[in-house]
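See below for the structure under consideration.
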Amino acid sequence: MRGLNLMALWRGLAGAEGGKGDRIVPPTGFTAQLTLFSAGAMAFLAVFALALALATGRLADRWSQELAGSVTVRVSAPVAEQEAEVQSALSILQTTPGAGQPRLLPQDELAQLLEPWFGPDMPVDALPVPALIDLPVTGDDFDAEGLRLRLEAEAPGAVLDDHTEWRRPLVSAAQRLRVLGIVSLVLIAAASAAMITLAAKAALAANLQVIRVLRLIGARDLTIATAFVRRFTRRAAVGSVIGTLAGMGGIALLPDASAAGGFLTGLGFQGWDWLMPLTIPLVAAGVGFLATRWAALKMLEAVR
Amino acid sequence: MIEMREVGFGYHKPDGHRPDGQDAEGRAELLSGMTLTLQPGMFHFLTGPSGSGKTTLLRLCYADLLPTAGQMTAFGQDLRALSRDQISDLRRRVGVVHQEPQFLDHLPLAENVALPLTVAGEEVDMEALRDLLGWVGLSQHARALPPSLSGGERQRAALARAVILSPDLVLADEPTGNLDWDMSMRLMQLLIELNKSGKTVLVATHDLNLIRATKAQVTARVLRISGGNLQLAGADL
Amino acid sequence: MIEMREVGFGYHKPDGHRPDGQDAEGRAELLSGMTLTLQPGMFHFLTGPSGSGKTTLLRLCYADLLPTAGQMTAFGQDLRALSRDQISDLRRRVGVVHQEPQFLDHLPLAENVALPLTVAGEEVDMEALRDLLGWVGLSQHARALPPSLSGGERQRAALARAVILSPDLVLADEPTGNLDWDMSMRLMQLLIELNKSGKTVLVATHDLNLIRATKAQVTARVLRISGGNLQLAGADL
Amino acid sequence: MRGLNLMALWRGLAGAEGGKGDRIVPPTGFTAQLTLFSAGAMAFLAVFALALALATGRLADRWSQELAGSVTVRVSAPVAEQEAEVQSALSILQTTPGAGQPRLLPQDELAQLLEPWFGPDMPVDALPVPALIDLPVTGDDFDAEGLRLRLEAEAPGAVLDDHTEWRRPLVSAAQRLRVLGIVSLVLIAAASAAMITLAAKAALAANLQVIRVLRLIGARDLTIATAFVRRFTRRAAVGSVIGTLAGMGGIALLPDASAAGGFLTGLGFQGWDWLMPLTIPLVAAGVGFLATRWAALKMLEAVR
C-alpha cells in the first residue's frame, strides 16, 4: 500500500503537468525522473555538507575562543632568588606580543589553588611554594613556544604552563573539517549543475522529434524553449525541495550532540542556520533554469 | 508566391562519402540552375524519379534548407535573409505534408491536427476541426494517439494538419503514397477545393494516374525534375 | 508456411477511446474469422482500403502481434507458443519490408542492409551485398547514413535488407508507395525472381496497376481485406 | 589547446567503441555522458566520504585507547585518619568493576610528582601530602561517575581524579563523525545506484528504436542486451575510475595533518587504506552492470 502511494507520488511529480502550453512537451520519461532524482539526491547531500561546514565552523570558533584565554607562568626558585626571578619573568611577559598585563597571584589565591591537595590548614608561608603569574592572551600573534624559549634563557626558574595548548590541534582539525565541508559543498554544487545540465540535454535530445515537428508547423523558438524550460525548472526545484527537506529532516533526527558535552556542538543547524539550506532549492532551480534554457536554445539552433 | 532564380542546392556529404560531381566545398550539386515561379492560385505537380530531389525542392520552399546558389524568395522575402521567427511566420502561411509525417506522439490525433493553431496562439474552432477530420476520414480516430494509426491514416492526418491554418500555399510530398485510389481522389478533391478558393498547391507525386485524374478537374502545371534540372512536362505527361 | 484458421485480432484501445463494435475486454475486433494459407512458392497480393488491417495482418505473420482468437501457425509452429528466441529464429526466415522502414541511424546503409547477417552471426558476402545494392539502385549510397536517404531510397534499402538472408517468406508492406513506376517494376522483378526460386511472397499494396503488371509475369493470388474479412479477389480486379 | 584535448578525451571516453557487436548500439549521446559523469562524480564524493569514515574511525579508536589508561584517587585527610581512609578507599577500588589492581604510590613517587611545584628539596614527610592511588582501567564497564559517588559515601577523604575524562566527548564526537561518514557513504552509494539505473534506463529509452529494429530483423534478446550492458558497464567503470582517481588525488593533495599534532590523524588514507577506494569502481561497475541488465531486459519485454 505505502510503496504504491510513494510510487504514485513520484510519478505525479516526475510527470506533473503545467498549463496548456506545456502539453507540447511529452509528460514524462526516464530523463524527467533522472532530473528530479539528481536534483533531489544532490540537494540532500548538499544539506549534509552545509551542516558539516556550519558545525565545524562553530566548533573552530568556539575552540579558538577557549584557546585565547590565559596562560600561567610558574616561578619556582630558592627563596632567596625567587623575588628576582619573578621580576625578570614579569618584565619578559610585559614585552610579550599578543599578551595583556601579567598579574602575580597573591598568597591567598595560591592557598586556594593548593587547597584540594593539602587541605585548608596548609602553611603556605612556610613552604617553598612557587609564585604564579597569570598572563591573559589577547592577540593572535601570541607565540607560546617563543615565550617558553625566552623564559628558559632569561628566567630559568620560570616555567610556562599553557593549559589549553593541547586544544590547538583540535582547532586546526575543526578548521580542516570546515574546509572539507565547504569543498564538498562546492563539489556537490558543481556536480549537481553538471548533472542537471546533462539530464536536461538528454531530455531535450530525447525530444528532438517534438522540437522538429513544432518548428515545422511554425512554432517560435521562444514558445518551444519556454515550455521545456518551465518543465525542467519545476523538476529541478521540486526535486531539490524534496531532497532538502529530507536532508533537513535527517539532520533534525540526528541525536543531539549536547549530551556529548561541549566539545562538539552537534551537527544540527542552530537558530537562523535552519534558513540556509532553504537556499539550496533556489540554487537548484536557478541551475535548472539556466541549464535548460541554454540546452534548449542550443538544440533549437540545430533545427531550422 | 515562391520565386526561384538559378537556384542550386547540394547536401554536405560527410566523411569520405563522395559521389561524383562534387564541388570544391564537398557538396554534390543535387539541384542546379532551377528557375521556377509558383504562381498564386495555381495547381502544380512535381514528378521525377526516386532520389531526384523532389523532397529537397519542397524543403527549400519552406526554408528547411537554404539554396547554395541563386536567388530564392517566398512571399517577396529573400529566404536567406529570414530570421528564425520570420521562418516561423513563413511556415504558418505554408502548409506542408511531409513524405513520412511526424507527430507529437503523446497527443491525440485531434490535438495534433489542431497543433498549428495552438502554437500560433489561435482559438481552435471545434466545429471546423471535426469537419476536417471527417473529410479525411479520421473522425473515428480523433482520440487515437499517432503511433496507433495506419500508414494511410498518418498521411491523411498530416494533410489535415497542413491545411488547418488555411495557408496561402500547400506543399504535399507524396500525400497519397499509402492510399488506395478512392481515398487518394478524396484527398485530391480537398486540395482542388482549396485551390479553387485561391490557394496555391504543389503536390510531389510519382503517380501519373493521379495527375491525369486531377487535370481533368483543374488546370495544373506539371514540373519534372531529372538530372538536377526542372522541366515543364507537356500535355502528354 | 503460414496457416490462419478463424483468426481474429483487435488492438487494445486505451483510456476511453472506444469505437463501436468493441468487445468486453475493451478490444475493437479489427480482423475476425480470417482463414488463410500462404502456400510455399506462391506470390500473394494483399489489398484493401487504408486502415482495413493490411499492416496488422502482416504483423501477425511475423509474430509482432498475437491473434486474439483462432489458430495460427508459421512453419508448422503455433505462433502463440513461441519463446522469444524462437520468434527471433522465425524472423530470420521471414524477410519484412515495413511500410515506414526504420534503420539504425548511426550505421551506413550497407551495414544496415547487412544487419540481419550480422546479428545472426553470419559472414557478410561483400560481393553479394554489392550486387544487391546495385539491383535496388543504391550503389551510390552504400556509405550514406539512413536519415540522409530519400523516401524511395529508404524503401529500396528496406527491401534489400529483407531479402539478404534469402528468407523462405518475404512480406512487403507497400514497398512501392514512394517509388515511380520504373523503379517499382524493378523491385517487383526482384520479388518475382525470388518467387521463381521457390520463395513465398506476400505484397500489401493499394496499387492495382502494379498487381496487373505483376500478374502478367507470374501467377499471383490477390487477397482483399474489407470490413475485417478476407476475400479472394477474382481475375477481374 | 588544453581545453580541446580534455574535450576530445571526454568524447572519446563517452563514446568509446568496443568490439564489432557493440556497433549496433549508437556510439554516444548525452545519456552516455550522463552515465559517465554521474559515475565519476559519485565515485569522487564516495572517496571523500570513505576517507572521512576511515579518519574518524582511526581518531575514535585512538582517543578511546588514551581514555582507557588509568585514573587517580587522591586521599587527603587529617594525618591520624589517613591510613584508615586509604584502606577503605583501596577496598572500594578493589571491588570496582572494569578496573585493575589499585596501587598506592610510595613516598618517592609522590615527591617526584610534586617536584615541579616545590623543587627537589621538599620535605614530603613533614607535609600533609595526600596519598595517591593509581587505578588502571581495564574494561568498558568502568563507571567513573558511580565510583565517584561510592567514594564520596564510604571514604569522604578520597577524590577521584579522572584526568582523561575531558576526552570522552571527543571520542563520542569522533564516533559521531564516523557514523556520518558511513551514512554518507551509504547515501552516496544508493544515490549513485539510482542515478546510474536511471541514466541507463534513459539511454535505453532513447535507443528504443534501435532495439525495435534489431528485434524485427531477428536479433536475440541476449545479443541486444549484451551490447548495451557491455557499453554501460564500461561507462560506469570508466567514469568511476576517473572519479576515484581524482578523489584520491584530491585526498593526497590535502595538507598532512601530522603537523597539527596527534589529535586528528589527518584525513588521508594510510597504508593499506589506499586500496579501499579502489573497490569503488568495482561497485560502480557492478551497479552499472546490474542496472543496465535489468533495464535492458525490462525494455526488451515491451518489444516483441
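Which chain is which? They are A, B, C and D, in the order written, and residues in each are numbered from 1.
To be clear about the criterion, a contact is a pair of C-beta atoms (placed from the backbone, for glycine too) under 8 Å apart; a residue touches a chain by one contact, two chains touch by 3 or more.
Just so it is clear, the model here is predicted, and its values are computed rather than measured.
When chain pairs are compared by contacting C-beta pairs, A-D ranks highest. Chain centres were defined as the mean of their Cα atoms; on that basis the chain farthest from subunit A turns out to be C.
Centroids built from CA atoms put subunit C at 28 Å from subunit B. We define each chain's centre as the mean of its Cα atoms; on that basis subunit A and subunit C are separated by 67 Å. One inter-chain figure worth recording: subunit A and subunit D are separated by 19 Å, centre to centre, where each centre is the mean of the chain's CA atoms. Counting partners per residue, subunit A has no residue that reaches two or more other chains.
Shared interface positions of subunit B, i.e. residues touching 2 or more other chains, are not present.
Shown here, the protein chains touch around one cycle, each chain meeting exactly two partners.
Working note: touching chain pairs come out as A-B, A-D, B-C, C-D.
Interface residues of subunit C, counted against subunit B in their complex, comprise 11, 13-14, 16-17, 19, 47-51, 54-55, 99-100, 108, 137, 140, 143-145, 148, 150-153, 156, 173-174, 177-183, 206, 208-209.
Considering their complex, residues 20, 23-24, 26-27, 209-210, 212-221, 223, 300, 304 of subunit A touch subunit B.
Contacts from subunit C toward subunit D in the complex involve residues 62-65, 84-85, 87-92, 96, 98, 102-107, 111, 115-116, 118-120, 161, 165. Those residues of subunit A lying in contact with subunit D across their complex are 29-31, 33-34, 37-38, 41, 44-45, 48, 52, 74, 76-78, 116-119, 121-122, 127-130, 159, 166, 168-170, 172-173, 176, 180, 184, 187-188, 191, 194-195, 198-199, 201-202, 205-206, 257, 260-264, 267.
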